[in-house]
Each structure stands twice: as structure tokens, then as C-alpha cells.
Amino acid sequence: MLDHILSLLIFFPALAAVVGFMIQKESMRAYGISVATIEFALSLWLWYVFDGNVSGMQFMENIPLVQSFGINYTLGVDGISLFIIILSAFFTLLGIGSLTDTPNVKYMIITLLFLQMTMVGVFAALDAIVFYIFWELSLIPMLYIIGAWGGPLRIYASVKFFLYTFTGSLVMLVGMLFMAYFYYQATGVWSFALLDWYRLILPQSYQLWLFAAFFIGFAIKVPMFPFHTWLPYAHGQAPTIGSVILAAILLKMGTYAFVRFSLPLFPDASAYFMIPIAILAVIMVIYTAMVAYAQKDIKQVIAYSSISHMGIIILGTFALNVEGISGSIFLMLGHGVVAGALFMLVGVIYDRRHTKMMSEFGGLAQVMPRYATIFGIMMMASVGMPLTINFVGEFLSLLGFYQQSHIITILAGVGIIVGAIYMLGAYKKTFFGEVTNEKNKNLPDINKKELFGLIPLVIVAIWLGVYPKPVLGPINKSVESIVQLMHNKSTTELAKKRIPNLVKPKVIIIKKTIIEEVH
Amino acid sequence: MEIGLTHYLVLSTILFAIGLVGVMRRKNLLLLFFATEILLNAVNVAFAAISHYYGDMTGQMFAFFVIAIAASEVAVGLGLLIVWYKRHGSIDLDALATMKG
Amino acid sequence: MLAPINISMGSLNVMTLAPMLIPIVGALLILVIDVIKGGLHKSLYVGLSLLFLAMDFFSLLDASNLFAQNGTILGMFDVMLIDGLALLAQFVIVLASMLFIPLALTHKRFHEFSYPEFFALFLFMIAGFQFMVATDNLILIFVGLETSSLALYTLIAMHNRDKSFEAAVKYFTMGALAAGFFSFGAMIFYALTGSIEINKIALVLASNGYTDIGYVLVGTAFMLAAFAFKLSLIPFHTWAPDVYEGSSAPMAGYMSIVPKIAAFVVAMRFFEFLVHSGIVWLDIVLYAFVIVTMTVANMWALVQTDVKRMLAYSSISHAGFVMAAILIGTTQANSALFLYWILFSFTNLGSFSMLWISRQKSIPDHQMSDHSFDKFSGMIKTAPVPAMIMGLFMLSLAGIPPFALFWGKIYLISAAVTSGYTILALIMALNSAIAGYYYLKLIVYMFMKEPVMGNNGQMYVANATLALKTIIGIAAVGTIFAFVAINPLLEFITDFVYNSGY
Amino acid sequence: METYLYIALFAPLVGSLFSALFTATPKKLFTGIVGSLLIFTSLVSSTILLMYILKGGEPVHVTMMTWMATGDLYIPFGFVVDQISVTMMMVVTLVSTVVHIYSIGYMDHDKGFNRFFAWLSAFVFSMMILVMSDNYAGLFIGWEGVGLCSWGLIGFWYHKESATWAASEAFIMNRIADLGMLIGLFLVYWNTGTLQYDGAFAAFHTLDISTLTWIGIFLFIGAMGKSAQFPLHTWLADAMEGPTPVSALIHAATMVTAGVYLVIRSHELYSLIPHVGLFIASLGAFVALFAASMALVNRDMKRIIAYSTLSQLGYMFVAAGLGAYWVALFHLMAHAFFKAALFLGAGNVMHAMDDELDPFKMGGLRKKMKWTWIMMGLASLALSGIFPFAGFFSKDAILEAAFVGNHTALHVMEHHYIIYAVLLFTAGLTAFYSFRLVALIFHGEERFKLFGFHPHEAAKIMLLAIAPLVILAIIAGAFQTTFFEMVQEALNAVEYHVHSQIVVWIMTIGTQVFAISMIIFAYVKYNNSRVSVPDGTSRLENSFIYKLLFNQYYIPHFYAEYIVKPYREISEIFWTKVDLKIVDATVDGIAGIIYGTGEKTRQMQSGNLSTMLTWMVAGLVGLLSLAVVFGLTARYSDEILLFLSALGV
Amino acid sequence: MFEAIAFYLFAFLTIAMFFITVTTSQALYALTALAAGMIFISAFFFILGADFLGAVQIIVYTGAVMALYAFGMMFFDTTRDVKEKKGNKYIIVGLSTLAAILVVVIVAVPMVSQNVVALYPAIDGVGNTQEVGLVLFTKYLVPFEVAAIMLLVAMIAGIVLAGKKMDLSITLMNDAAIEEEKNKKVLS
């Protein structure tokens, strides 16, 4: 069983989804919850059996798929992917559990289960083509969720979401094919296996182009400025559950892919493009935060805030050191939890009032104190309050990048200010003040079904903020191996300089010698 | 003045061009079919000439098959025209424009 | 005087004719049966056709065994040429035909299937295609081409409504023009080399070092025009959308596959040596054909309001996409062509069959054409399973992994990458994105819109019978589980293509 | 001792969580009681720790668990109780206990009674983390934590627009400073490899001056925000929208002093960079004067006290900046006592006056509120630095420090006469505005009758709660020596000795005389029947200076007009113009071009057979033309090359 | 010399006839001109020594094809004037002239390569018909048979299309109508 636990994790939900067609409508929610619970339990079990002291891949599976073309069904997890897999199982469970009066709930649950398959698949895949398969497949359930259960502009939003990401990933696919071809040229064997590719050292000029090709695919998914405009539409139109999964998991695919592909495959190019990408990240952080501040729709605020946070993640990733990358991965989890929770929270009032305009609300803290409390906690987590999950990630990401560039980090740090501005602004408009709108006077407070989804998130957000070690430890191990790999693989001076060698003695000693020289 | 292969090829080309003119400007389907016959005949001249100058029978064979093909086309083409005519009472190809875009 | 000619039967390799003779015999048998006793049900003819096609298939298997052992087989005074390309193409032709023919067994009755002549012509047409691919003699190619085309025109017209006549007339007329192009092109090459066999033409041209490059180019231009017509490359494509729209859905699907694979094989035979001879002009022209056909056809498909017409444009675009293989001309590219086309045939036939089972005899007011997009709105609510299958085919056509066409796509793009056609590879990839939009459009209609009032979903399966469902099932299974078959298929194809010298 | 440490630290947390359980329910008295008891427990533990330290015990240092560890970074939850932190713990727990007990009375009728105690205890917990942490990251946790609680408590009456606005302002302004602090932390980490105080301090000696300067500057930016130094000071006055006990605890006694604490805690850093210290001191002196000037004319009781807090913080920074860390800490402590007392007294007044804040509408309250009058009077005396109250000892030390100037680490003696002069002048202003307030509230005509108020003395519990603070405000000066001895080692403290004894006497007496004369002036001016509610007509009110001061130098106006508004407008432009009209429009435009091209060119497919045939022929001709061009080029390539070479290509 | 005269004469005549065919507005003229042109083309065949081809040309074209067309014309009533395409005449003429010129430009250049080897050389002293027969029934046996099938296909197609079978469209009729017609034994 352990040998195939990843396959089980991937295909169990898919199988369950197929079986789900037979389930009667009224029983569907129970079925969905049980399946998601089993899946979540499996993912927790995966964590339990995962050896946190090993930096490499674990639970590898390898089945040849198209042998003559080097495509294998290769799976494996390390500290980086493990937790995102758990997170996706977690969110599917919460999502299904907190589904309220969704029409056509049966199809929704089936779609969610398919989506889960693709999500776990993306994070477990170690073969570029398998990765690509799940990557693309994940678009379809999301397309359906947005398109079928969304708001008035849902079709525009869903098609935009699909085509935009699809276009990007096609460019990425060409990049992958080139990569495989270079591998073929070097070794005479076709291979799409990531671990094989890791061993390939490419000249910088090749790396730059390939990096660019992969970058387009990933950047659109993340989404990075200026490729972000699909996201507000997608979030704005998607039903609550769609936004939750989109923000919590799907966006992470892009950043995860940066860590999994771009960095170790193209260390020189990563170092080369570090500053331009960091500048983009800064623009994402500040610009989108300002745009978020201008929004009238609370869901759009959170949507734009997602982009802003993704900026920090990108920044951390391209810090190219252990602190930054670990931080960015942790922030992926953190942002997943927090943004997911915030979207759920918006869903709560949307269910009650069928509007998300902040001008329609005001004073909700009086009417719905529990709701306001949870929202407040999550908002504070979102703005990076210490002892919440986001702080750890943001702190480490910024800390990591500070080694590379002071100015850019300071600019990106402005994110914590502008982040507070739009978040507090939105909270103030929605929750504070007198209850002016007659319709809001008798809104019921948050109910049990909704609490089922939110309380665990609150717990996780605080638990991992206070004690991130169980997660950060394994991440750190794997990141260290990636950074070391990058350092060893890099060929240019620039890259050698920017990517730390973990074997060498610490920085502090160098500083000392400088001082001594000065004296 | 010696008549060489080139003369025949030029002739063939000119005939072919006349055929093309017909194909493009005819509105009456029947007359359009005439033009396609011209195209094939033009080629036949060239084939026979090449065959003659190279002393090779293949060209004549090709011409022979082209004639056969032309004949078959006439049969099918006329069949189609008849059906169309029965329905519409016209073989003007401007009527054949219900599908577009 | 002529000396008597002695020819041993053994040297003739009459067996090379077997795969073509089988459908001819079948066709004649059907005609004879009809003469003896008319008015028999179409299922008889469907069954007979299937059986003959199956026999054809087995004879092909036989031939491929021979090929695997002895390499290329020549027969009948070296007119017949059974090599890997011929066999692969014939496999595609016969398999696609076998998938097509049960689609005649619809629930509603349609004109063409009520007549045994349809099945006879159909089998003749298959034989014509088989002749076309199994030779490198331009005469036989021409005759085979015309046999199949004439039969095809008739089959289209037999659907018997205004649009199908219009389609047939258009197709016919343009086909006649293309036939003129073909013969003129052949003439030029004959004038140049004194031969009308492709390999000899290639030999002669190579031996005199393409001195008469002008003639070669003119001849190539005419040939290219003729094939471009058959392959529906822009601007020779104009027949395609109208003909697809005018003919019945399965016939349209069939046309998007079988005539094209035959034409592709001939084009491969004809242009490959030219591509490799380093004629820059040909590279440029083919490059232009590929890009223009892919891109512009995609743009047109975007703006269609009828699903079938959209699929017609999409087929054009796919043909342009695959034409890249001819341009690239490596073994990998040529293998990719076959792989792509095999996968494409499953998916495309499947999607056209889905249109077929929803074909109505009378069109309600709100519907603009036979298969206008709005007909499918809200299909998921009223007929979920067909909607999902249709969606599946659309996704596969769009190249979403892991469905069938994705594999063809990556292999072909990879061929471009491997040969250094970077820009081409990118354009091919981006075109998939444009294409994604219109496939998505149907999905949007089916899954995200509300159904039209009073639609209970019966409409979408009104034509379905067990036979049709089986075919759709086969196509769907083939589309979903293609990844299992890719490896053996690829090895098989590469082996055959490589051993044929392409 | 570790147990006491944990009790001191976590008792407030327990109290907070306990109260938080009842936030959504109606008022429960026991939440207040339990909260107060737990804080009191914390106080007791702190006292025990203080005793332990006083007895010369080694600092208690514990590491509870790892927080973050990745790469070379290792941040534990570590806590240290040494001379500095134990002082802060005492201040925090003591004032907190008082404020908690006071609040039971003060918040008696409030709907959010339970919520209030949850926030208040949470604040205490955060503050304890801030002062007890043994590393910068832990300090940052507390730093942000107190910011959060401050937000929650300023905006406690969230239905009031002004309150929520002030809460957001406070939070965001603090965030600006926090960024500086964060950058400071990054600098510390990347230069020393650790964020632990001891490790970092040890490594500071190896760093070059410019790096240290940057670290010092960025950390101080953090301190500026928390301690509301110019130009980030506006939030403090606005923060008075919160309930008065909050003002007393957070915005007078504890949180705002966190910045001072940071500088004191990092004294090993700042003693290496005296130029930064001088800057801090100068800024402190400026703020002292600046804030005091605004307090002169303000008509909001709480704001006056808030400005005075600001001013006193300036004093502290002067001391800290000049290297007199122990003096700063001592003043911090003393200030906490009398300022909290002052605020709580103001709370009593507000209670009595139905939350009226304008002292001009009061007057003569000493009859109705005798005890409050006494307490506020005493606290004001302490604030004014009148002997023998606490303020005298601490403030005097600051003045001396400024006069003498000292940087122990570098043994540089500098006299900062300008700073001294400013502080001296400010001391006079302090005395004036303090007693202006006392006079306006408690003396003169009973103007409140005009407005229909019926003031009454505050509840016993509230008065009793204030009492310890007042007592401490009176006697705290007596502990100066004890305190000095305690922190001497930890802070490299030195006594300041002005060389001439006469100069000392002149200075002390001069200061006292100046302060007392200002008090008398205040009484003369405001303790009479001519005082009436200003209506904007008097000459004074229309003078430029008055307006300038009354409008807080127009700084809030400036912020609103040139920062907040442009920010909102730019945001709007970014969204509607840039994001929608440029970025998104580009994407849609590309799609539109593709679609439009399709729409336009589809006319090629006219459906007319002639056109279709023409297209075919055209295609052929196109191919042929290309062929001819290419064929001719190929055929005559030699000639063309010749021609081209003749042209010189 | 005789050959040259004959060539130019017939070339002129053929071009003229075909030109009339594509330009005249009288369908009858066109038909007649086409037939004449076909016969003149057979003259080339005779000049070039392809006697059999010449005979076939006359028999098939003038005999069969033209008869079919004539029959068709009667059926279609095309005696009235034929409308021609308006407007873009320039495109048509331009395109065809261009095509002709382009091809002529290249074709008029004599071929350089001389190593053309006749694969099926004409045999001295053997009649053309015999030669044709020899090649046709050996090398081109298969194409010949396929051509036969092609003609069969054309025949069936002609019958199906032009015959009564297409008069009623089952495709357009609903089930009830089909049953009704079936009872009338019109449909199979």
C-alpha cells in the first residue's frame, strides 16, 4: 500500500467521483464528505509515514507510459509537495463540508472530486508530461465550477480563466519538449522525468529561453502582473467553493512549479532573471494592493489581495536561498489557508444577502459577532500578524530576499502597509459602523455548517503560526537539497554568487575578515 | 522551322489558361464543366507531345487515362446537375450560395 | 513485330492487390444482391460492408506481416507499392470506414442509407483510396483519386437535400479544377524526367542535380495546388466548410479523415524528396501553408454559429497542423503524422457522431441551423451523458491531456522542436490555444447555459441506436484511454515509417 | 523562577481567552473579575521575579520551544527576565492590574464588557511577550500583538466612525514603522546570523559602523511608530477615541513606551553609534516641545493628556538617545504611574460628565469629585516635575543628562545645551498645560450646569484602583537609587555628575521655580469666572499661532489631503484606468483582434462557387509567381551575385 | 515544314475554338466550339503519331461526352443567353493571363537536362495501337482496371443521381410520410 499511496491519493477521488454518478442526490453531500474525509485521512497518513529527515523524494512510483518517448508515470513527494497535497485534501473536505444551498450539488461534488485528483496529481507528479496532464486537467473542473455556478459574468470569466492559463501552459509545453530534446541530445535517450532533467546542465543561453517559456506558463497561473487580469474575474464570478479552491490550491500550482521546475532546472537563468522578476513581484505587491483598496466588492478585495500575496511568494522563491524558498513555500500554505478562509467567509454573507458589495453592509459586527470575530482573525492573518500562519511565510520570504536586494525588499515590504490599508478598510466598511441597511438588521450569525469549514482553518492558521516546525522542518530539508543542487549546477559567476553554497562556512566569518582588513 | 516540344508545351499552357478563364468566369454550371474539359484536353496535348518527342509510351497512357477520367466526370457532373435542376429549375451557380461564412 | 511477352504470375505479386480487391468484390456483391432482390433493409448492407472491411483489415494485417519480414513489396509490374506508409494509411482508411459504416443504422431514416448503391459506392471509394496510397505511379494515384472522389461526390449528394447537392456540386467542380492541376503538374514532371513514378522522378531529378529548377518549381506548384485542395489548405480550402455542412454528419467526419490521410500519404511520397533536396522555395511555401492554414482556419472557426461548420474549420486547422509534418520531413515528424491522424480519427469521428445522433429532421424556430450552438445549450441538465461525451471529444480536439489528440500534438510539436523549427513549434502551440476557444464555446453552451424551454433531452439522442452508441463508446474509450495505446502505436508506426525510408 | 516567568507571561493569555469565550454573550461580571485576578497573578509573579533580581539573582533565561528554523535561521520562543525586562514587567502588570480593576467599574454599563476584557488581557499578554522576549523576532511578535490589540481597543466602540477610523490609522501608521523594524531585523540577521539579543549584541562589535548605523536607523523607525514620534505621531491623539482605561494603559503607560524599550534594549547597539543616538535625542527634544505646544490650546481633555504623553516620550528618547538608558527607563516607569493615574482620573470625569471631553464645559468639579480632583492634582504635579513627586526625579535626571551629555561606550563627553534648553522650556509648558487642565476642570465657575450635566463622584472601585498609581506617582522617586543599582550593570549606567555642585542647585531650583511659576500662571489664567466656552471670536483664537497649534500644525490635514486622498485616487486610477483599461484591455484586445480578424476575413468564404474557384486559381498563381521569382533567381544566381557585388552589396 | 504549318494552323484553331467556348454567351455556340476544339486536338495526336489516342479522343469526346452534354443542354433549356459574372472580370483575366505568362516564362525556356530515358520506348515498325495495347495491358493493367471501376462508379452515380431514386427525399420526410410512400411502393 505504501508503494502506491500516491496513486491512491490521486485516483481515489476520481474513482469516487465516477461512483458518485450513481449516488442519489440527497445523499450526495454525505458521500462527498466521507470520500473527502477518507482522502484527507490518507493524506494525513502520508504525512505520518513521511520521513522528515530525508531530503529527497519519497514514495516514488514509476510506470512507463510511452517508453519510446521517455514519458513515465512517475510520482513522488518531498517536503515541498507533501503539505500542499495535504492542504488540497483538507480544502476539498472543508469545501464539500461547508457547501450550503448550492443548486445541483451532486455535480458540484463530483466536479470537486475530479478537481482534487488533478490537484494532488500536479503536486505529486515527477514527470513533466504527467505534471502537464494534471496541470491542464485541473482547468476543466474549475472551468465548470465557475461557468456553471458563477455569477452573471460567469461565462466570460471562466473562458478567460481557461484560455489564459491554457495559452500560457502551451508555451510551457513547448519548453518542456525542448528540455526533453536537449536531454535527448545529451544522453541519446528521451526522458521527461524531472529527476533526470535535474542532472542536465544547460548553457546559460538555452536556460534563458527555456526559463522564459516555463515562466509564461507559471506566471499566468500564479498569476503575476501583468498576466493577472483573469483572476479578479474568476474570483468575482466563481461560487464560494470555487474561489476557495482556486485561491487556496490552484494558484499555488504556479509558485510550486517555479520551485519544482524553474529553479533547479535553470539556476543560471533564475539568477539572471532574479531582479526583473523581483521587480514584477514588487509591482504585484504594491500595485495590486492599491487596486484592492479601490474595490467596491469585498470578494474582489480578497482576490486582488491574493495577487498581492503571491507577489511575496514569488519574491521569496527568487531569493534563491533556503530562507526565502522555505518561506515562500510556507507562505503558499499560509496564503492557502487564509485566502481560502476569507473566501469562505465572504461566501457566508453572500449566501445571506446575495451581494458582495461593501456598501450594502456595515455594522455587521453587531449583528454577527462570531462571524466578525472569525473574519477578524483571518484578516489579521492575511495582513501578516505574527503568530498567524502568514507571518512566518512572509517574514522568511522577505528575509530571504533581503540578502539579494535591500531596496526591492523594502519596496516589497511596503506590502505589509498597503495590505493593512485595504484589509482594514474593507473590514471597517463591512463590519464597523452602525447597521444602516434594513436588510442587515436580522441576519443570522454564522451557522454550524459554516463553522465546520472555518474553525479548522482558524485552528490551522494559528497553530502553524505559533508552531510551524512540523511543517517547516521537512520543507527546509527539501529546500536545502534544491538550493545545493542549484548551486552545484550553476555555471555563471552571477548564479554562483547569488545562490548560496550550503556547505561553505557562514557569512558572519567573512564579515569579520573584512572588518579585520579594514582595521 | 522546327516544331519542338516547347511549342507544344506553350500551346498546352495557353489552352490551360483559357480553361482557367472559363472556370473562373462561367456562371452556368454546364458551361463551367466545359471549361474543365478544356483544362484536361490542354494537358493531353502536352502529354502526347512529350510522349512523341521522348519516344515513350507513358505519356500517351496518361492521356488515355485522362480521357477516361474526363468522361467519368461528365457522367457524375451531369447527374448532379440534373438533380439540382429538377429541384431548382436552374443551373446558375449563383443559386448555390446558401452556405457561407 | 512484337515478341510475345511472358510474365510469371509469381513475379506479379498479385497478392498486393488483395486489400483493394476485397472491397471491390464486396461492392459488386451488394450490387448483385440488390439486383436479385431489392428492398432489403440497410442493416444487411451495413453488415456486409463491415464484414468485407474486416476481411480487408485482415488482409492488411497479412500484408504488414510480409512487410515486417521482407520490407517493401512491389507488385503488378511495379505499379503496386506496399510499404509502411501504404499499410499505415490503409489501416487508417479501413478502420475509420469500419467506424463509419455502422453510423448508417440510425433510428431515423435518411435517404442515402436506404439505397444499397450507397454501400457499393462506399466500398468502391475505399478501394479507390487504397489504390491511391498503395502506389507511386501518378496515373494510378490519379485514377484512384478520381474513383474515390466521384464516389464521394455521389455519397454526399445522396443525402438528398438542397445543401447536400450544393455541397456536392461545389466539391465536384473544384475537384475537377484540382484534377486539372494534378494532371498539369504530372505533365511537367513527365516532361522533366520522362517518368511518372515518384521514385524515378526523384532519382532522375537528383541525378541531374535539379538543373531545370524552374520546371521543378512549376510542377511542384501545380502538384501542391492539387494536394492543397484535397488537404483543404488555405486558400484551396473553400470547399471544405460548405461540403461538411452540406453532407450528413458522419460523412463529414469521414471526409475529415480518410481522404485526407490518403492525400497526406501521397503528399508525403511526393514532397518528401523535394523537401530534402533543399529547395528553399518549397520550405517557404509549406511553412506559409502550415501557418496560414492553422491560424486562419482557427480564426474562422471562432466565429461560426454552427457546430458542424465549426468542426469543419477545425478540421482544416488540424490538417494545417499536420501538414507541418510534411514540412519537417523527419521520421519523427512522419510518424507523428500517422499517430496524430489515428488519434484524430477517433476523436473527430466521435464528435461528428455525436452530432449525428442529435440530428433532427425538422429544425425548431429558435434553432438557426442543423447543429447551431444554441441547440446544445444546457445539455448537461437534460442529457448529461451525451453532454459529457461531447465535452470529452471537444477537450480532446483542443489538445487537453491526457485525451487522445494531446499525444499526437506533443509528438508532432516535439518533431518540430527536434528539427529546429522553434517558431513553428510555438505557433503550433499557440494555435491550440486559439482553437481552445471555440471548442470551449460548445462546452460553455452545453454545461453553462440554461436549456431551451421544453427540451427534455430526448432530442440529443433521438437518432441513437445500439450501433451508434457502440461507435461512440469506442471513440470515447479510444479518446480517454489513448495513453495506454500510445507506446505500442508509436513503436509500430515509427518502425513502419522508418523501414519505408521516410 | 521559570515557573513564575511562565505564570507572569501566560496568566494574561488565559484571562484573555477566558473572556473571549463570552464575547458574544451579555455582560458577565466575572469575566472582569477573573481577568483582573489573572493579571494580578501576573503582577505577583513579576514582583517575585523583581525581588529575585533585586537580590542580585542571575537573569532568568528560558527557551520554550522553536518557532522558526530554516536554513541558518533559528528563532525560538525564548524569554528572558533581566533587570530591564523585569522593570517593564512590573510597570506593565501593575498598571494593567489597576486598569483592569478600574475597568470593572468604568465599563460597567457597556455591552461589550466581556470583549473589552478579552482585548485588554490580550494586550497585556502581547506586551509581556514584547518585554520578555530574548530575541528581536519575539519582540516583533509582541510589537505587532500590541498593535493589534490597540486596533481592537481604539475601535472598541466600532459603531462610531471616528473610533474605527482612528483604529485603522493607528494600525497603519504603526505598520509603516513596523516595516522599518522588520528591515532592521533583516539587517541584524544577515549581518550577525542570529536574532537573539545576546548573539546579536556580541556580533555588533564586529560590524562596521555604516551597517550598524543602518540597523540603528531602521530599528528606531520601528520605535518611532510605536512611540508616536514625529512624523508618525498623529495616531496617538486620534487614538483617544478608545475607552479611557485603554488610553491609560496602552496609550500612556505601556505600549507607547515600547519604542523607548526597544532603544533601551538595544543599548549595546546604540552605544556604538552615538550619532544615531544624537539624532534620536534631537528628535525626542523636538517632539517634546512640539507635542507640548499642541497641548497648550487643545480643548479635548484626553487629547491634552495624550499630547503630554507624546511630550514625555520625547523626554525619554532624549535620555535614551544620549545614552542615559537607565534614566529613560526610570522616566518611563515614573511616567507610567502618573500618566495612567491622570488618564484614569480623566475617565472618572468623563463618567461623571456623560463622556463630555471639553474642559471648558466643566469647571468647579472639585466639589462634586473631591477624590478625583486630589488624585489628578497630584498626578499633574508629578507630571510637572515638582519635588518630591516621581516626575521630579526622573525628569531632572534627563535634564542633567542632556546638560552633561555622556556616551559611556565611547567615553565622549558632549554638552547638549540646545536640547537642554528645549527640555527646560518644555518642562515649563508641561506645568502650564497640566494645570490649565486641572484648573479648567475642577476650579472656577461650574460651567457644566449650563449644559445640563449632573456630575457625580466615580464608583469606589474606580477610585480605589487609581490610588496605588497615585501613591506610586508620589513616592516612586524614592526608589531612584535602588533602581540605579539594579540596572547599573545591565545598562552600563552611570550617574550624572555636573561638576559644580552650585550649578546643580541652580539648575534644580531654577527648574522648580520655572515650573511652579507656570502652574501659578495657569491658575491665574483659568481659575476665574471669566473663563467661558470659546466660540471662536476672541482675538487669541484668531491668532495665527493659536490656529496653528489648535490644528496640530495642520499635519493631520496635510496627511489627509496629500497622502490619504492621493492614495485613494491613485488606487482608483490603478483599478479603473490601468488595470481595466490597459492591462486587461490588452488581453481582451488580443483576443478581440483574433476574433475580429476571423469575423472580417470570413467573407472570403462567400459561398459563391465562382469566388471559390477564383481563390483556387489565385492560390495557384501565387505559388507560381513565387516559383518564377525563385526559379529566375536560382537560374541567374550567378549573374545576380555579380550584379550585387558590382553594386557593392 | 508541313508539320509546322499544321501545328500553327491547328494551334490557332484550337485556341480560337476554346476561346469561343469560354467567352460566348450562347450555350449552343459553346458546345459546338468545344466539340470542334476537341476534334482539332485529335489532329495534334495524329500529328504526333498517337493514332490510337486520336481515335479515342474523337470517339469519347465528340461521340460520348458531347452527346451527353447536348442531351444535358436540351434538358436544362440553356438556349437562352447565359448570364456571366459581373464585376471582377479583371481579376479573372488578370489571374489567368498571369498564370499563363508565368508558366510560359518558365516553359519557354528549353529544358537543360537531356538524360531522359524512355521507359517504354515506341518500337519501330509496330503500329501505335499495338504499342498502346502492349503497355496498357502489362504495365498499366491495374490502372486500366481501376479506370473500369471508376467508370462503373460514374455509371452508378449517374443512375442514382439522375434517376427516380432521388426524387423523394427520405432525409426530409418524417416517419409517417415514409411509411405512406412505402405503401405506395415508391420507395424500397
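First chain written, first letter: the chains are A, B, C, D and E, and each begins at residue 1.
The rule is short, and it goes like this: a residue touches a chain if its C-beta (ideal position, glycine included) is under 8 Å from a C-beta of that chain, and two chains touch if they have at least 3 such contacts.
These figures come from a predicted structure and were not determined experimentally.
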Separation of chain A from chain C in touching-chain steps, minimised, is 1
The chains touching both chain B and chain C are D, E
Looking at Cα centroids only, farthest away from chain B lies chain D
The chain whose mean C-alpha position lies nearest the overall protein Cα centroid is chain A
Chains sharing the largest count of C-beta contacts are B-E
So the chain most remote from chain E by C-alpha centre is D
Per the C-alpha centroid definition, the whole-Å distance linking chain B and chain E comes out as 5
Chain A to chain E, mean C-alpha position gap in Å, rounds to 69
The distance between the C-alpha centres of chain C and chain D, rounded to whole Å, is 76
Between chain A and chain B, the Cα-mean centres are separated in Å by 66
Where chain D touches two or more other chains at once, the residues are 591, 602, 605, 607, 609-610, 613-614, 617-618, 620, 624, 627-628, 631, 635
So chain A residues touching two or more other chains come to 163
Among all residues of chain B, those touching at least two other chains are 5, 9, 16, 19-20, 23-27, 32-33, 54, 56, 58, 61, 65, 68-69, 72-73, 76, 79-81, 83, 93, 96, 98-101
Checked against the stated definition, the touching pairs are A-C, A-D, B-C, B-D, B-E, C-D, C-E, D-E
The chain C residues in contact with chain E across the complex are 1-2, 5, 7, 17, 24, 31, 38-39, 76-77, 79-80, 108-112, 114-115, 117, 120-121, 124-125, 127-128, 131, 135, 137, 139-140, 143-144, 146-147, 150-151, 153-154, 157-161, 164, 191-195, 200, 204, 207-208, 211-212, 214-215, 217-218, 248, 361-362
Touching chain D in the complex, chain C uses residues 169-170, 173-174, 177-178, 181, 213-214, 217-218, 220-222, 224-225, 228-229, 235-236, 238-239, 241-242, 280-281, 284-285, 296, 298-303, 434, 437
As the complex stands, chain B meets chain E at residues 1-11, 13-22, 24-28, 30-31, 33-35, 37-38, 41, 44-45, 48-49, 51-52, 54-58, 60-61, 63-65, 67-76, 78-83, 85-86, 91-92
Listed in rising order, chain D residues that touch chain B in their complex are 602, 605-610, 613-614, 617
Counting only contacts in the complex, chain A reaches chain C at residues 64-69, 107, 129, 132-133, 136-137, 139-140, 143-144, 147-148, 154-155, 158-159, 162-163, 166-167, 170-171, 173-174, 177-178, 180-181, 184
